[in-house]
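Every chain is named by a letter (A, B, C and D) in the order it is written, and numbering of its residues begins at 1.
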């Protein structure tokens, strides 16, 4: 299970025509290009990947850490090990194999990660918050597949709600590496993927600055403001000179997304 | 393919009722106990293992390095990768898996090895004879699975024709380890199996001395003499105080063995 | 060769106080019934090993069976937190729980090393994370050919591994299919193993994607139909997602948990 | 995604002079037709990699394609010697052949490391043998947890791996079954890959024990029925043991070999 799940308990804010979760999911889905391979965690990443496959990227290859390679579910899987993934996969391999033969060599184009905390260099904490490691205020699920997804996928997409609680100045625990403390750290540690290419929040889209690796707000979702984004960030947020406006979910994206989510509810 | 194959080109001597090859095969088969697991190379080891399974050891588990675990062929396989092995196996696994998960941890009770040359400590050469490594007089097939079979099986049975050409004072190349240069070497190298328990030749049976590890003639096949064995050995052969006489092949063993060999000829 | 035993007898013989115990199954084929029997038999001081200590380990931890947990992701998949796990880590209830924390890739490779008879495994992993400092069983290792620095993790060798499978034959050969996770490695890495199965059959018919564990590498097989519930056994049952959701409420509260434990596990008794 | 190509075009594009080339298949599914096409296209200075360089590499070596051989067992299975291999090593005909010699366990693990994106693999192997001194790609390595000394071997990363499989679909997804050897690892370890298949089908039906290589990890698929002969493709053909025996006589003599090469390979031309 990817640590993306750690964010699923919060309820999404809603707008008139779509919810913030829907906007995030649609924006995430748009990051996935046809014919690429995507390492998928359950929750929002799985929804986004299946939305992409059902809309603009029919040839998207979904790889689940349960060992299902090329899964083509006709409904949203309810867990990373849902039978529908095994039934529709090109191949079902062991868990050691999916990590060693498929993730580790850098065969996977895009990895999706969530975060309980994220810092300005897109490093991620999904381990613990508050107190000490041995006696934390909140014990989170831990690493799962995330450290190696963050290290080995050719690039990473992070999906996380933006708030001073999640966008923090300093992580309490570095579970998965974004850019460490800046340029050169990934190379120094031998992490072969390029790292986070984009962070998608409920307010907008952030991208690492090409020279400093620091996350920079590059797009705002409809209705969100730079001030909101700054207020939801625990550090002095960099904002691009020309902040774009995220294209709202179109009718087709919303229809397919809602149909997918309906299969999830039907399965419960 | 096990290096046992390197000995199959020589023609066997014959006696009135059975051939030397038949005596060797029967003696080798008797080393295999019911309910144990045996790592089998093609040629004489495979014949012996299938003879054992068809006579006194119906529960013998045959493991072939092609990945066939628990093969139950109803005829002699013609190669290590014969389809009959996959068709009748409990499981067919990859070649890396058979070496890593099955052989290396010491799960296999008995490994069979042949030899082009063998020394007094049952070290084995199947690499080259004469000249130099870079320009050998005779280039042999090489290691195959033998070094790790010799290292990891709980015990090893070596089957080799006895002659001054094969039983040599010093190996030209150590391909697989018996007892190195004597007690303690296996432990020093971290080889976890007990090493060769018995060497079966066309003349008799040799066993390592419990204190020196040096091969000692402990049994003579019917018709063979100590003098013959000494003459066929390139070092001063140790002979047990009470050399036993190998029980000749019985009618049942010969009948089953010949039926098995007939399947081999029928398959050509 | 594996012995066919009752679940009660098998747990009594194979799982001992203080043991390192791995119950594996990646969402699919989780051996819940065996976990409950371990609780019923009152095992203590266990080191529990599992990549994804989900509801089954939440139950064992809450019941006080565990002293240590070796793991890589502790959540209720698709639902949220494991509240008994959190209560143990955050508040030491019902007792302290020592953690040995890895990533999935690390845990999978630790089982591979165990199954392979090697003392350690090598992977590209952990570097740059705080796990490196926090977890003693993570160490750097240098490639002798390229000089590149990678990460080593030690083999896992559980005293006993427990898995659930679709079926076994009467000789104790085991067959599982669908998502088979790390179960083969976990069984081969262990000193002893127990497999609960949906069905005992005369002969195992090959199935695409199946994993067969020959009888001679399995210690005991117990016939426990439904033994994976609320997880599932592909071809026999579907995942009871509602039970996973219900667990959230049961496990949030110590009293509700204790009542569940009394009624659903202790009073229920072992399967026939 | 894999492209469906003719064998001639695929070899022309994927196999280049000086390449490190692995043709794998453990007795079963040996890509003989692709080997013959490599000979016909006159490739030179190849480093040939293969656990069991049997008749197919005897042919490539005799035809003068190879400068180096990386291997673990060079014989004609069940028959005897590989005479072209021996002639090259013993007498340098048709040219010298440099050897890099391993054991099966070492070669298998070298492919595993290649497939895993690791620079090396660790095994219990080689210790006490003369291979340790003879082969530069064998090195000691110490367990950082136990201090135990084991053996490391570097990853194999062929420029191109060629295998034969039972079938592929029209998208280039490949399926093989029976004894599948080290083929998955050899394909995943390679920079490029070519799979010859018995059959191109609309849809791959699952088969027990099958290995599926998704189209996106394969470079090219060529439809070459009988492309494994005299090896075999389980479900499609049986091994031509007589051809292996006949090879012994053909290959013993340079002239007989050259005549065979002219008639059976060069004059024959590529499969349609």
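In this text, a residue touches a chain if its C-beta (ideal position, glycine included) is under 8 Å from a C-beta of that chain, and two chains touch if they have at least 3 such contacts.
All values derive from a computational prediction rather than experimental measurement.
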Inquiry  = What are the mutual neighbours of chain A and chain C in this structure?
reply    = D
Note = The chains touching both chain B and chain D are C
Key: Distance from the mean Cα position of chain B to that of chain A, given in whole angstrom   = 57
Query = Between chain B and chain C, what is the separation of their C-alpha centroids in Å?
reply = 41
Note = Going by residue number, chain A touches two or more other chains at 100, 104, 152, 192
Ask   = Considering chain C alone, which of its residues make contact with at least two other chains?
value = 112, 117-118, 123-124, 148, 150, 184-185, 209, 211
Key: Those chain pairs that satisfy the touch definition   = A-C, A-D, B-C, B-D, C-D
Query = Which of the residues in chain C come into contact with chain B in the complex?
reply = 1, 112, 115-118, 173, 184-185, 188, 211-214, 216-217
Note = chain C partner, complex, touching residues on chain B are 35, 37, 61, 69-70, 90-91, 100-101, 104-107, 152, 192
Request  = Spell out the residues on chain A that touch chain C in their complex, using ranges where they run on.
outcome  = 1, 3, 5-6, 8-9, 42-43, 65-68, 78-83, 85-86, 92, 94-96, 99-100, 103-104, 127, 131, 133, 135-139, 141-148, 151-152, 173-177, 180, 185-186, 189-192, 267-268
Task = Spell out the part of chain C that touches chain A in their complex, as residue ranges.
result = 26-28, 51-52, 71-75, 77-78, 80-82, 85-86, 89-90, 101-105, 108-109, 111-112, 123-131, 134, 148-150, 178-182, 184-185, 209, 211, 232, 234, 238-239, 241-242, 245
Ask   = Considering the complex alone, what residue numbers of chain D touch chain C?
value = 117-124, 137, 139-141, 143-146, 148, 150, 152, 154, 206-210
